[in-house]
Amino acid sequence: MSTESDALTIDIDGWEGPLDLLLALARAQKVDLREISILALVEQYLAFIADAKALKLEIAADYLVMAAWLAYLKSALLLPKDPTIDPSPEELALRLQIRLQRLQAMREAGARLIARDRIGRDVFLRGHPEGLRVVRRSDWQADLYELIAAYGAVMARTRPVVHQVMRRPVMSLEEALQRVEAMLGQKVDWTRIEAFLPGISDPQLRRSALASSFVAALELAKQGKAELKQDEAFAPLFVRAA
Amino acid sequence: MAELDPAVRAVEAVLFAAEAPLTPDEIAAYVGPDVELKQALRLLREDYAGRGVELVERGGRWHFQTAADMAHFLRREREEPKRLSRAAVETLAIIAYQEPVSRAEIEAIRGVQISKGTLDVLMEAGWVRPAGRREGPGRPLLYATTQGFLTHFGLKTRRDLPGIDDLKAAGLLDPVEATLGDVELESVDESD
Amino acid sequence: MAELDPAVRAVEAVLFAAEAPLTPDEIAAYVGPDVELKQALRLLREDYAGRGVELVERGGRWHFQTAADMAHFLRREREEPKRLSRAAVETLAIIAYQEPVSRAEIEAIRGVQISKGTLDVLMEAGWVRPAGRREGPGRPLLYATTQGFLTHFGLKTRRDLPGIDDLKAAGLLDPVEATLGDVELESVDESD
């Protein structure tokens, strides 16, 4: 900021690019952009850049690109017409002119837009509106199936459950008592308790028969009708008539 | 409308844009000291009398408000479809099948407590109504279904509800826990 | 002020109470379907013409606001809206007059790249919105103005944009081609 060149650099930065600079130069030339001389505009731009260079300023690349293009346009406009060049230099000049008009038009439109009566600056909305309210009401949905299915579920969950236990093959104690008592009359000597069981292949029923027969033997021993013998725990159990 | 004095227009605009009721002094700070404020306010109040908006004074402060009799226009209802919760459907089903029932009975049947909200929802939907009290200890409030209930569910009478046997036949009574029960019995067997 | 039809009073009250501009459909949702809304709105607009407050239509939505010539009374102690940068103003104008436009088209007109912040500022203000993509190479995102833009800048429709007809007639709103021949301007950064 302290040196002169810095200040001038800032001046260059004040332009929003080469088109902005061109527009400023064009407007200095004529208010109606449709009447400007492109050739004169090119001269002015090139002179501006040349001045800046003379001051040894840093000039952004895009300004130099534009200068080169304008120098080309200038020479093309001054040279005798070459019909093979497309677009023609006149066409290019016209396009540049339209482009400047467009930018100018939008710049003015923006200024007019921003100057309108704007809410919060020129016109104001009600400061403290009561507000409108939407009261949400629930429209409850359920169908008949849901209803009866729910009742079914409640009933199924809470009704006393009746358990039907399948009858399992067992030998009752009475049955075992009769059988063991009857058999004891025939077997006089010590006999393993398994020998008192009926011929059964079903292991479940066999277990039941064994248990019942054991209890029956105990009962007969209690009544003094039988004697039991076992050498050690889990050893074979022997029964004989007392 | 009558052509308004610029000063009155200014007072009108200031009161309209104000974020809170204003005292005459506060209004004067906006419109300037030369305005006949008392007169302007009286004029505006008369101007707005009978319209949808009125100018009112409360404790020395002035503000515009919508006319009191317009209040019902400032709200509108919007219906939002909502599905009943499972608890609500079950409660409704119990009331429908066993009405009139008390809350305690519903809870006994469901095996869980029901929240106050559940019955409220059913009453809001217009399907359940209080139906007197049961004579006896505590005189509990009873609930029953409404005509609206029958209409919504497409029933002529409550007798159109499928009976327990129908539910059973439709498989709707199959215990949900049945499978679990079997597993338990089996594991008991195995440990025999 | 004139005695009002109850229906017109209702429309007046609803618009007065509303926190945002309303479409006729929205007003109808409050005042009921039987009100001749078009007529009521026209009547109210005429009623308020020349007062300190006026009824205006912006992009199909209606609201009350203070009359523009009352601005000097109301600006007192009010925060001015943040000033827009020159780049933002031009970008907004280009979008408003030529919508929908892509960022590249905005840059082609302005001759400089626009910084990300410029469009952000306009979108944050609620004036500009993304408006789909243009079919074609790169499928560029397009920008257009919003309802809020019309409301804020006091435009009934986009046709009310100042000078838009003249600009159109002069061909200055035609779709932008990459004019200016081969000059590459895209690498230029704008200085806001």
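So that you can tell them apart, the chains are marked A, B and C in the order they are listed, and the count of residues begins at 1 in each.
Definition applied: contacts are C-beta pairs under 8 Å (C-beta built on N, C-alpha and C of every residue); 3 or more make two chains touch, one makes a residue touch a chain.
Just so we're clear, the structure is a prediction, and the values are computed from it rather than from any experiment.
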{"item": "Taking each chain's C-alpha mean as its centre, the one farthest from chain B", "value": "C"}
{"item": "Centre-most chain [mean C-alpha coordinates]", "value": "A"}
{"item": "Centre-of-Cα separation between chain B and chain A, whole angstrom", "value": "33"}
{"item": "Centre-to-centre distance between chain C and chain B (centres being mean Cα positions), rounded to whole Å", "value": "39"}
{"item": "Whole-Å gap between the CA centroids of chain A and chain C", "value": "35"}
{"item": "Residues of chain B engaged with two or more neighbouring chains", "value": "13, 16-17, 64, 66, 74-76"}
{"item": "Touching two or more other chains - residues of chain A", "value": "124-126, 130-132"}
{"item": "Residue ranges of chain B touching chain A (in the complex, touch as defined)", "value": "13, 16-20, 63-66, 74-84, 86, 88-90, 92-94, 96-97, 109-111, 121, 124-125, 127, 152-155, 161-162, 164, 167, 170, 172-177, 181"}
{"item": "Of all residues in chain B, those that touch chain C in their complex", "value": "1-4, 8-14, 16-17, 29-32, 47-53, 64, 66-67, 70, 73-76"}
{"item": "Residue ranges of chain A touching chain B (in the complex, touch as defined)", "value": "124-128, 130-144, 146-159, 161"}
{"item": "Complex interface listing, chain A residues touching chain C", "value": "13-14, 16-20, 60-62, 65-66, 69, 87, 92, 95-96, 98-99, 101-103, 105-114, 116-126, 129-132"}
